[in-house]
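One structure follows; several queries about it will come next.
As written, the chain order gives the labels A, B, C, D and E, with residue 1 at the start of each chain.
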Amino acid sequence: MSHPRITLEHVSKQFAAPGAGRTAVLDNVSLTVNEGEFVCLLGPSGCGKSTILNLVAGFEQPDHGRVLLDHRPISEPGPERGMVFQQPMLFPWLTVRDNVTFGPRMTGADKASYQADAERYLQLVGLQDFAEHYPWQLSGGMRQRAALARAWLPKPQTLLMDEPFGALDAQTRLAMQELLTDIWQRTRTTILFVTHDVDEALFLADRVLVMSARPGQIRESLTVPFARPRNPEELLTDSAYGQLKRDILHAVREEAAKSLGLQPA
Amino acid sequence: MLWQLSGSLGWVDPLLLPPPSDLWQTVQELAISGYRQTPLWQHFAVSTGRALLAFAVAIALGVPLGLAMGLSPLFGAVLNPFVQFLRPLPKIALIPLVIVWFGIGEGAKFFLIFISSFLSIVVGASAAVHGVSQGRLRAARTLGASRRQQFVHVVLPDALPEVFTSVRLSIGIGWTSLIAAEMVAANSGLGWMVINAGSYLRTDVVLLGIVLLGLTGYAFDWLLQLLQRRFAPWTGRDA
Amino acid sequence: EDVPAEVRFAYAGGPRTWILGKIDKSFDKAFGTPVKWIPFGSGSDVLTLFAAKEIDIARFGSSPAAAGIARKLPIEVIGTPEIIATSERLIARNGLTTFKGLEGKTVAYPPNSTAQYAFEVGTKLAKADRSKINVLTLKPAEIVAAWKRGDIDAAYVWGPFTQQLEADGGKEIFATRELQKHGVLIFNNFVVRKEFAAKYPELVTKFLRVAQDKVDQYKKDREGSAQQIAQHLNIPLETVRSTLSGLQYPSDACLYRHRQRQERLAHRDLVQGHRQLPGRDRRDPQARSAGILRPGDQYHLPAASCSHQVRQAWLVNLNGYSRPRQVGQRQGWLPGDK
Amino acid sequence: MLWQLSGSLGWVDPLLLPPPSDLWQTVQELAISGYRQTPLWQHFAVSTGRALLAFAVAIALGVPLGLAMGLSPLFGAVLNPFVQFLRPLPKIALIPLVIVWFGIGEGAKFFLIFISSFLSIVVGASAAVHGVSQGRLRAARTLGASRRQQFVHVVLPDALPEVFTSVRLSIGIGWTSLIAAEMVAANSGLGWMVINAGSYLRTDVVLLGIVLLGLTGYAFDWLLQLLQRRFAPWTGRDA
Amino acid sequence: MSHPRITLEHVSKQFAAPGAGRTAVLDNVSLTVNEGEFVCLLGPSGCGKSTILNLVAGFEQPDHGRVLLDHRPISEPGPERGMVFQQPMLFPWLTVRDNVTFGPRMTGADKASYQADAERYLQLVGLQDFAEHYPWQLSGGMRQRAALARAWLPKPQTLLMDEPFGALDAQTRLAMQELLTDIWQRTRTTILFVTHDVDEALFLADRVLVMSARPGQIRESLTVPFARPRNPEELLTDSAYGQLKRDILHAVREEAAKSLGLQPA
């Protein structure tokens, strides 16, 4: 259970800035996500969260340090690491159903093996009536849900999720959170999850990582002690919950203020 | 209208631009007795047949090749010089070489039409790759699409609207070079008819040929636009 | 003698007497094998077709033939079916009547054509200052267009374009026939691919015989022949009539074959001949052929039985590219000898 | 190499495809004494001059017109038939009419090159409009961009990568039709040189001309790609 | 002050659905936003919120009913109605600064008149160091902030905002909310604001509209009674706040459950 699935070792990443110089985006970031662990990544806007996911997905290579999956350096993306992007990135030439079944169709799975699952996921994300629609015929939140179903269907060992519920209303979001926990618990997927919502992080995660402002570093790593299954209403009454939330908020706020150039609140 | 008027009023010499009324008469004549023992529809059929075959092959080979060149820098770097060198060459100037390689049969005619559209399709398709959304390509990769699958299922459809434009332009080029192709020892075909009639000052036949060439080219284009609406309806949609 | 699966003729599509043989298939019958008629657009196309071995026999103008022989294309001239007389003419706007008058004016002719050479020679003979004449190369249809706009003052071209220019106020000031007075003939050739001639000499003989038959047929029934050709080629009858009657047809004695001599001329003397042409760009066939004709030059005759006219034709033809110093024994045959 | 070999080994008749060694000799000869009393560089300069002028005008008129046609359905519907009819017409067949309208001077040559690239640019630009992001256009409208400004500040840059492709293809077309243009009463220019030398079987000169035409066309394309990288660096970026 | 700026009268809107039929998206929606009013629009994902904004912006025309601005039917977009889209919709060919100044540059404003403002807004949204970057060099949240500054700079009379703070962390979000309130109070802009965050709605709005599930209708219109300036921490302690939040959440949840096809919670 404590076998590390994702490891970042002293990772630094820079991007070419306009003009001559380079912007340091990540600076000596080390982190580990164990097999079957659910880790939430929080941090001020622009601190490098998406960049970390991109490194783990294999889209970018670190300038320094190593990014490992099961102790092996990551060189390219693979279907064992599913990803939900910050933007839905659906394929506009496919219907919602074809978008959702894209993964299994690519890996050559037998149609019978995923068809029932696909319909079930479409149902669960509330798109059963929109299976024949094209992405541009969906609302923002519906697109995000389609992207979720697409990432879930192939049942990857590792899931990288970049603010996947950002465009959803409270109830739909809760439904999706419960769906995700359910999937995660049944399959013991390893999940690295970016969010700005502390409540969401505390409801979902085993551990919360808070990043500092650019150049991003891991500022804090907090274990979430609540027993599962969790209930959002009950959590609110837990005294540890309030404290943890305040700590995290405090950390994020301090960093966000830095990155906005405000006086620390 | 303008045209009939300009003829009737003598703005342009009817010898060089026969009025539509004359043209109509020519159509009837040619429809009945043909031009050079070959009925008009057969000239038309021969030319469109030649062109369609060449276009089909040019598209079938050119689109994948162009996309592949756009995707793989190495592959592109190797083939690009050839394509870019050959593309701007006037096809008329190549006729002698084409005859040497392909003889004077249908092979040479096919090749001339094929090569003109093929090269442009390759360039257009390879340029279209640069417009392919990196984000969608990334999404496909995390879903386990192999290189070939990324190609077929993401690059191709994403580039499709732009590829369609290139194909439309390229087919225009190919159709223009029909006349060059039919300069090679042909004795039927619209291009040949135009050239041949031109050398006897049969301006009515020339003009009729031009009108038919133009209309057929127009029809090809219309067909392609129809196909595009059918197969790439997402053009310009943000998703 | 074995015959090839097919004999390939290249023809320019203009109204000519041998087309009668295309209509009634008499060439096919004489050969005992089918004839494939391959159309071509311009002289340079024929050269390409010969070089690519895609044709066996062609009828085309003397100038591209000259260019081909000079470039060592393995072809040989086997005959002179027609001599250009009134089918190609120089038409000028009112007021212009002589070559001299063209100085300072603009003249157009089709590029690399017999008309062009006729013009060059005519200028020379008339002692007009060629450098003062502004010449343009335009295709016949373009000549008509440019004429209508008034961009050109004169044009040396063939029918039906000459008639169009005349209908539009042009006057004939010269016809190719007038060059004959100076011993200059401009004509078209039958040309054969050497390899073919070597392999099938009988066929070449038969070809020339049939070609001559067709000339005879035309001479017997000019109107009927013209009608047949006009119908076959979809050309107005008037155009056919005037073209056919604007050509002169050498007698059958004019059609001959003289291979050895031909080779020698083509391969050695031709080239040497060029080198000896003074004051010309040696590499440039056009410049060369512009200086072909030297009235009064003495030439040996290839075949004693040829008429004077044909002898002249033949010599002019070769002389465009060489100045044979000496001619050997007659070794050929003439159609009808046997 | 292949080429020199094929010549040396006699695969292809050197009469039709002179080996590079011969070609090199021809280059030297022409460089010194010129072809037809005109130095080689002048043939080259004349042709590129003609073409560049025609291209510049074709781009300056064609891109805005095409974009406008793509934007305004009415405008597009009115002009489209003309463009689509004229575009596939073989330019050689139009020469007599062009002479009637533009004479035999530079005007006719300019027009022939211009019209071939212009029509394709128009079609390409008008097709590129369909790929313009509706979302960004909407953003511009809420920011008070007038129709003209939407055109200049959104449609044009958004369509630019695709327009560049069309321009590249169209300039290829224009350059190909140089030879048709220089068939009209020219006495210098690369196209003319090729045609003229061809009629005397001066295959070495023809081939040299072809190589020069190809290389120049290649250079044009290279220049355009450079411009694209400079002026449309966002091609394919999601934002 | 009670002059209605935006009015929807019995508006219905349908979209062509795949296959033959049409989907009803809005069904007989009537609403009014008064001059200077700040109205938040809530509702389950896919209920038609963005569609309402599109109608008011003038991008879409209603199938039935009328959409009025100052009593005049809206026929096309105009700069007096600024919009922040659900997706940032930046111009990738312009730097962040040029994106932000796009509005004034289009309306031909004097450069001097907006330059200082532009720099100030860039500073306020925390993008001062990224003015020369291109949009694709920004993180998701940074793009959203650039889009905010772009919409604010021309100071439109009416602002339509579609989940403008969805991709921001808590602190940055708060900063942007305060910035928006500040701008709104100083200029008395009329604001129609779509959000999924009930706290955000209660912090910002004069009135909250809750939409029902598709086909969208206005289910509830609730006046937010809190005095301004509001302070998020203080609001939490207000007893009316808890009640209002529960009411709204309840309404949204019920509708969301409907649209997800779940049993009402």
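By our rule, a contact is a pair of C-beta atoms (placed from the backbone, for glycine too) under 8 Å apart; a residue touches a chain by one contact, two chains touch by 3 or more.
If you're wondering where the values come from, they're calculated on a predicted model, not measured in any experiment.
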| item | value |
| --- | --- |
| Other chains in touch with both chain B and chain E | A, D |
| Pair of chains with maximal C-beta contact number | B-D |
| Chain centre separation in whole Å, for chain E relative to chain C (CA means) | 85 |
| Geometric centre distance via CA averages, chain B-chain A, whole Å | 49 |
| Where chain A and chain D are represented by their mean Cα positions, the distance between them in whole Å | 50 |
| Chain A: positions in contact with at least two other chains | 87, 134 |
| Multi-partner residues of chain C (at least 2 other chains) | 48, 51-52, 139, 141, 144-145, 148 |
| Residues within chain B bordering two or more other chains | 13, 16, 96, 100, 133, 135, 195, 198, 203, 206, 237-238 |
| Chain-chain contacts as defined at top | A-B, A-E, B-C, B-D, C-D, D-E |
| Chain C-touching residues of chain D, taken from the complex the two chains share | 13, 15-16, 29, 33, 36, 95-97, 99-100, 103-104, 183-185, 187, 195-196, 198-203 |
| Sites on chain C touched by chain D in the complex | 42-44, 47-48, 51-52, 64, 67-68, 71-73, 108, 111-112, 136-139, 141-142, 144-146, 148-149, 151-152, 281, 283-286 |
| Chain B contact footprint on chain C (complex, rising order) | 10, 13-14, 37-41, 45, 48-49, 51-52, 54, 139-141, 144-145, 148, 160-161, 164, 232-236, 239 |
| Chain B residues touching chain A - in the complex, by the definition given at the top | 133, 135-136, 138-146, 149, 153-154, 157-158, 160, 232-234, 237-239 |
| In the complex, chain B residues that touch chain D | 12-13, 16-17, 81, 84-94, 96-97, 100, 116, 119-120, 123-124, 127-128, 130-135, 161-162, 164-166, 168-173, 175-180, 191, 194-195, 198, 203, 206, 209-210, 213-218, 220-222, 235-238 |
